[in-house]
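Shown next, in structure tokens, is the structure this report addresses.
Order of writing sets the labels: A, B, C, D, E and F. Residues in every chain begin at 1.
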Amino acid sequence: MEKENYLQSLITATPMEGRELAIKLARKSIAAIQTDPEIRKKLRADYANDTKQLIASAEVIAIEFQTIAAANNYWRGAIN
Amino acid sequence: MEKENYLQSLITATPMEGRELAIKLARKSIAAIQTDPEIRKKLRADYANDTKQLIASAEVIAIEFQTIAAANNYWRGAIN
Amino acid sequence: MEKENYLQSLITATPMEGRELAIKLARKSIAAIQTDPEIRKKLRADYANDTKQLIASAEVIAIEFQTIAAANNYWRGAIN
Amino acid sequence: MEKENYLQSLITATPMEGRELAIKLARKSIAAIQTDPEIRKKLRADYANDTKQLIASAEVIAIEFQTIAAANNYWRGAIN
Amino acid sequence: MEKENYLQSLITATPMEGRELAIKLARKSIAAIQTDPEIRKKLRADYANDTKQLIASAEVIAIEFQTIAAANNYWRGAIN
Amino acid sequence: MEKENYLQSLITATPMEGRELAIKLARKSIAAIQTDPEIRKKLRADYANDTKQLIASAEVIAIEFQTIAAANNYWRGAIN
């Protein structure tokens, strides 16, 4: 199986797209370790109802977003 | 359902607004994983009374705020 | 109830004041989630005697301080 | 036994290769502490099915990737 | 009781002194939350023998050290 | 007993040496809290077989490495 290239670039048009990319990167990291999509589907129920894990997931997203925001110079040119 | 654009910009007028944005981003990450607002409401009681989870939430806010503060050049021009 | 503006600026006169601000920000994040001061008071005993939670709190303070220290250019002009 | 040099450079041609390097670095850290490959193999089942540990692993990858992305100036010259 | 000023400056003569300051800052954060020195003494046994907490403490030190190392421009002028 | 100076400099010749220094710093932080080498030896078995703790250790190494990599300007001049 060929590996998917899920990250063409860290540059996004808007901060919101940057957020979505952060969420995507977090998910892809989990998929890189647990490679079976069926198992991932079943595991999803485990953490979507467990606040501890939701908070931990939010932390991963926050860290990924730091990188993406820096890459985009914080979209400073975007309209406020 | 159309996706909400909850992040127009990382730029805020004041540090305090930056704090509020950090809290909002943390909440929106959780909502991105647990998409059911009814379940989120119920889960809220779980972590608002558990100091371990309150501290973990504060960590997420701190990381989001790092990004926002950098984006705003730490509001250095603001009145001290 | 009007929201308190607990963060006028990230700029502090001394590194020590920066530490105090970091601790304040960490506390205010918890207060933003658990808004009832009576419950917070009761919860305090839970974490002040639990080393796991004390260490986790110290981590939040360390992250907040990173932001404050960068904002102040690490107080490089201060007397050593 | 001679030590393997698993990190010749932080520079990668593409963001995707940067992601792969981040995952590799995370794995090598674990191998540096648990040096027995047979034990590591057995342990793998422990965390690949535990969402808490998958999320924690994703956090390590996110932190390693921050470093790699900065090293590569966020691949800003790459084609979007 | 007057508050102790335990952080006159982030600038240290050597990287090693920077490490020591990082450890000191981590300890002082815990002391800021658990203010009773007798209780802290008793709690010390809890975490000094628990590898989970030792690792968590090492993480706090690593974060504090990031700040101190940046403040000192990584002691790049120091003799290697 | 005189304190060991285990960190003469953050500058390393290669990225690989930077990784090794990151691992060393993580270990030394633990040794700074649990000062008894005999106890540390016994504790080692606790975390080398526990994936949760291996992942947490990998996180500490990742954070230490961020600092070291920045100090070395990411070894950008090194041969790829």
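The rule is simple: contacts are C-beta pairs under 8 Å (C-beta built on N, C-alpha and C of every residue); 3 or more make two chains touch, one makes a residue touch a chain.
Please read these numbers as outputs of a predicted model, since none were measured by experiment.
Colleague: Average the CA atoms of each chain to get its centre, and name the chain whose centre is farthest from that of subunit C.
Modeller: Result for max centroid distance from subunit C is chain D.
Colleague: Please report how many Å separate the Cα centroid of subunit D from that of subunit F, as a whole number.
Modeller: Distance between chain centres: 16 Å.
Colleague: So, what's the distance in Å between the C-alpha centres of subunit F and subunit B?
Modeller: Distance between chain centres: 32 Å.
Colleague: Please list all residues of subunit F that touch 2 or more other chains.
Modeller: 47, 52, 56-57, 59, 63, 66, 70
Colleague: Ring order, please: subunit C first, subunit E next, then the rest.
Modeller: Read cyclically, starting with subunit C and passing subunit E second, the order is C, E, F, D, A, B.
Colleague: Taking the complex as given, what residues does subunit F use to touch subunit D?
Modeller: Residues of subunit F touching subunit D: 14-16, 18-19, 23, 47-49, 51-52, 54-59, 61-63, 65-66, 69-70, 74-76, 78-80.
Colleague: List the residues on subunit E that touch subunit C in their complex, please.
Modeller: Its residues touching subunit C are 5-11, 25-26, 28-30, 32-34, 39, 43, 46-47, 50, 52-53, 56-57, 59-60, 63-64, 66-67, 70-71.
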